[in-house]
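Below, subunit A partners subunit B and then partners subunit C, in two separate complexes.
This part shows the complex of A and B:
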């Protein structure tokens, strides 16, 4: 009986955990990037254009992964995609700030991150390339 | 009283003066007062409202600015978040389009991202309002403050707006005050001043003595002015009644006055007022004529009544004193010399003058005639009507006076005689002859005695001669002898009848006359009897007892 219960709990945990692990979004950089572990605020500052330069003086190249954008911004700042788009549209209309570079797939994003020390992007956990460095995890 | 009457009459017919011009009308005064009060109150209200308006205006503006800031907050937040100076500039320029804003600034973490407008250029003295600032939150995290939006209100503009608003209100107030004042002025003129003036004009034309009335101005019959008109009419009525009775009383009084004045002037009696010192203060013409006083009243008291009287005993002064003390004495007669120097007798009555303390009223009557009549009567009572000699009473009076006076050594002699044969003359020739004889005897006796001696007929044919102040008895003897001789001479009792009689004389001589004549008469009578007995036509002395 006890054993059965353990088995049940483990299997449930395994199921949930696998699902959860597969759903997790990770912010990734070049392994030699000067960006360290990020807080949620720091991450939002970077991805929404407030922080454009690193303390070292490097200009950050922010990369949006098209299929993951909605989930990512929902998890990062609790806003839906329409709001995020409106925000960028306002800045683009009268300001100078440019929105992040947009790529079509996580693979592409991974490549760009591995290619540039100042790039930063987000991918799903199951799309992670071990060479990239994870600086923040955003659970579901 | 006379002059007073004429003055009163002059007043009664004096023309009514024309209405006095009104210098400060009620309407003008009310208008000025209301203008003054309205102006003061209006100024105070305007000042208060100016202060209030400025404050509300500022509050209103602050509210508007706060609203404005929240309107642009979103864009400002985005600009600040993204550090986008371009967008921030757009926002602050947009804000400056509002003319109430002098300056707008967007800061990002203390660094000015965009600023527009200069510091407020309001004149010194105006309260510099605090700049309004609003924290800017992250568009993605309401808890994160990323900067602030700051705006400075344009105080000068606010003040100007408020001032023009206040001016507008002041203008409205001024117009209101002027209109209300004009309205009040109209109401006062129409409702108060004009009716009062109408009433006043009516009063000036009014024949109040004729009982005419004023009419209440039209439309004011039932208000205070109507009541005033009624009161005036009531007053006129009462005045008319009292005027009539007053006039009647005055006429009566004047008539009485004339009557009394006439009496005073024409009285054949002296009327005067004098003070307790006897000084005349007022008198009538009769007294003036009598005492040769001026006709005009002399209030200085130059004439003293008592000085005009022969009053050795001071009785007049006594009367004055008693009358002044309120105890008037009965009137008394005083001898006085009138203006022509004649002796007159005046009866004077003094009484206190009512209503004038210390003053007396004197009534003076001329009693000279009465006095003369009295004197005459007295004389007649002492005289023998037939012979004009003293009678018994007369000789007694004379003797009384002589006896009182001659207490000294001088002698007094009484001769008494009757006529021998008188009865025969009477019987033979009748009473008329007898009477004629008595007269002749009287004249003959008077011719031989001294002027100071007194001759009297005390009975039918009994005569007495009183000799006063005799130095010696021989004089008495001489006179007695002469008397006997003379009466023995014939008498012509008529043109044709000659009678001869005789006289027997009794002489009583004394140095100390008795009080009563009778005693001396008795002695003389005794001596006369002796003389008759001795053969008639002789005299005998009565020896002192």
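This part shows the complex of A and C:
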């Protein structure tokens, strides 16, 4: 009986843990990107269009994954997606900078990241391609 | 890669030659000029990392407003001739459409052109070029632009036309509605650096002033003036602060020359004993200068946001005017809904210039002109507003707002003849749909 309960508990923990891990959002780059690790502040500046270059001087190509945008910006800067969209309208229509590219799926984002050293995107942990480099983790 | 390119959802870029994109491209190019159209008409390179990349985007507002205060016209800014008349559901005051063409030429060079169609100072909807510049940004720490731009005085971006980018129906009419010489043809340079947890940015700008004011049933154009100024802002994780200074000069209104000449003439008339007139006449300068100093503070934490702007303004338009303005907005977001409260006030008073008119001139045309100059810009008005913004789509928001406007005297509100008003109180109801595409 004890053995059965322990197996049940371990299975439950593993299941919950797997879900929590899958729910984690990861900022990913090309494996040979000059970014080793990003702080939250650096990531905010890059994804909000305030910085357009990597520390190496390379231009950065920011990629937004449409289905994950709301969760990503909520976790990164604590802002609702409507606020982020309004923020981009401010920048875009005063000629400061253009909003990130948007792709429809994490798979497309991963392919772009693997294709370009300057690309940076975000995906869910269970969507990660082991060839991409993880430079920041955003927990649930 | 080709597959990815096909699926890129940033649909405004020239990647997918769909009907909508081609229609927008055609519209943009017809307005922005033949020189750009040859680039915009064709789909160009797909990857943003491989410029040149051209994109068309736009914004707009569909608005309606109503009040029932007799003999009063509400204007959102003093460059409007028309406004919200008493007892009319007015759709022209806030409605506008903007179209923008962007081009990333290479890693460092880009161009941008923007036209806005709104009811202008002549009550027409002729599209106006609001932005049109070439930008050189060699790195993240400096950028240089030349062309037509807007002065950097707004906390919510550099434009008062993009309703979708700010919370309320319109920027504070009491504060920004009075600063309408906000476009110039010239250059600007911006420098950026990390300071603390945020980024500090210094921008210097200068050029030829553009814009106008409609007041006393007359248009005051500023096309021959000069603008220069600076803006320093700091953007942190939750707090943003902007300090802006600007100075605009323009040639004086012909009426001022007439007044100066008449005063000189009267001072020399031996029978009047009116030497004070010469003193006053020498004070009427060839140019008018408007100087603006503004502070904006924004604070955002989660769903809550607070905003404050304060301005100090002086105008050398004879006899000289001093004024100030402030605006504050508090809002809280519940999902797609964002209710808000706002308050704004502005005061402009004329500098006292003593002039004792001799008995034969009292009540005459010249004294009327003198008094008109002292009174026609004076202004003391405040607005309390409440409203809600509802983001019903990814790129569109519906706003409902009620404002109570109280004026001791106003040069923003006009009477039915097109002149400044005395004491007025009105409740203004507004609804808008703001969108970007």
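Keep in mind that, in the parts below, the second predicted complex is superposed on the first by the 128 of 140 C-alpha atoms of A that agree within 3 Å, B and C clash if a C-alpha of one lies under 4 Å from a C-alpha of the other, contacts with A are read in each partner's own complex, and residues count from 1 in each chain.
Keep in mind that, in the parts below, a contact is a pair of C-beta atoms (placed from the backbone, for glycine too) under 8 Å apart; a residue touches a chain by one contact, two chains touch by 3 or more.
The model shown is predicted, which means the values in this text are computed figures rather than measured ones.
Q: For the combined arrangement obtained by superposing on subunit A, do subunit B and subunit C clash, or do they fit?
A: The answer is clash.
Q: So in the superposed three-chain picture, is A:49 touching just subunit B, just subunit C, both, or none of them (first/second/both/neither)?
A: first
Q: Touch test for A:77: subunit B only (first), subunit C only (second), both, or neither?
A: In the superposition, A:77 contacts both subunit B and subunit C.
Q: Classify the contacts of A:41 with the two partner chains as first (subunit B alone), second (subunit C alone), both, or neither.
A: Touch status of A:41: both partners.
Q: Per the contact definition in the header, classify A:90: touching subunit B only (first), subunit C only (second), both, or neither.
A: A:90 sits against subunit B and subunit C alike.
Q: Look at the residues of subunit A and decide whether subunit B or subunit C touches more of them.
A: Of subunit B and subunit C, C contacts more residues of subunit A.
Q: Does subunit B (first) or subunit C (second) touch A:115, or do both, or does neither?
A: second
Q: Where on subunit A do the contacts from subunit B and from subunit C line up?
A: 41, 44, 50, 52, 77-79, 87, 90-91, 94-96
Q: Any idea which subunit A residues touch subunit C in the complex?
A: 41, 44-45, 50-53, 57, 59, 61, 66, 77-83, 85-87, 89-96, 98-105, 108, 111-112, 115-116, 118-119
Q: Provide the residue numbers of subunit B that touch subunit A in the complex, in ascending order.
A: Spelled out, the residues of subunit B in touch with subunit A are 75, 78-79, 81-87, 90, 138-141, 144, 146.
Q: With touch defined as at the start, can you tell me which subunit A residues reach subunit B in the complex?
A: Contacts found on subunit A: 41, 44, 48-50, 52, 77-79, 87, 90-91, 94-97.
Q: Name, in rising order, each residue of subunit C that touches subunit A in their complex.
A: For subunit C paired with subunit A, touching residues are 1, 4, 7-10, 47-49, 55, 57, 59, 98, 100, 102, 104, 107, 112, 114, 131, 133, 135, 137, 139-140, 145, 149-150, 156-159, 161-162, 164-167, 192, 197, 199, 235, 237, 300-303, 305, 333, 335-336, 338, 391, 394-395, 397, 436.
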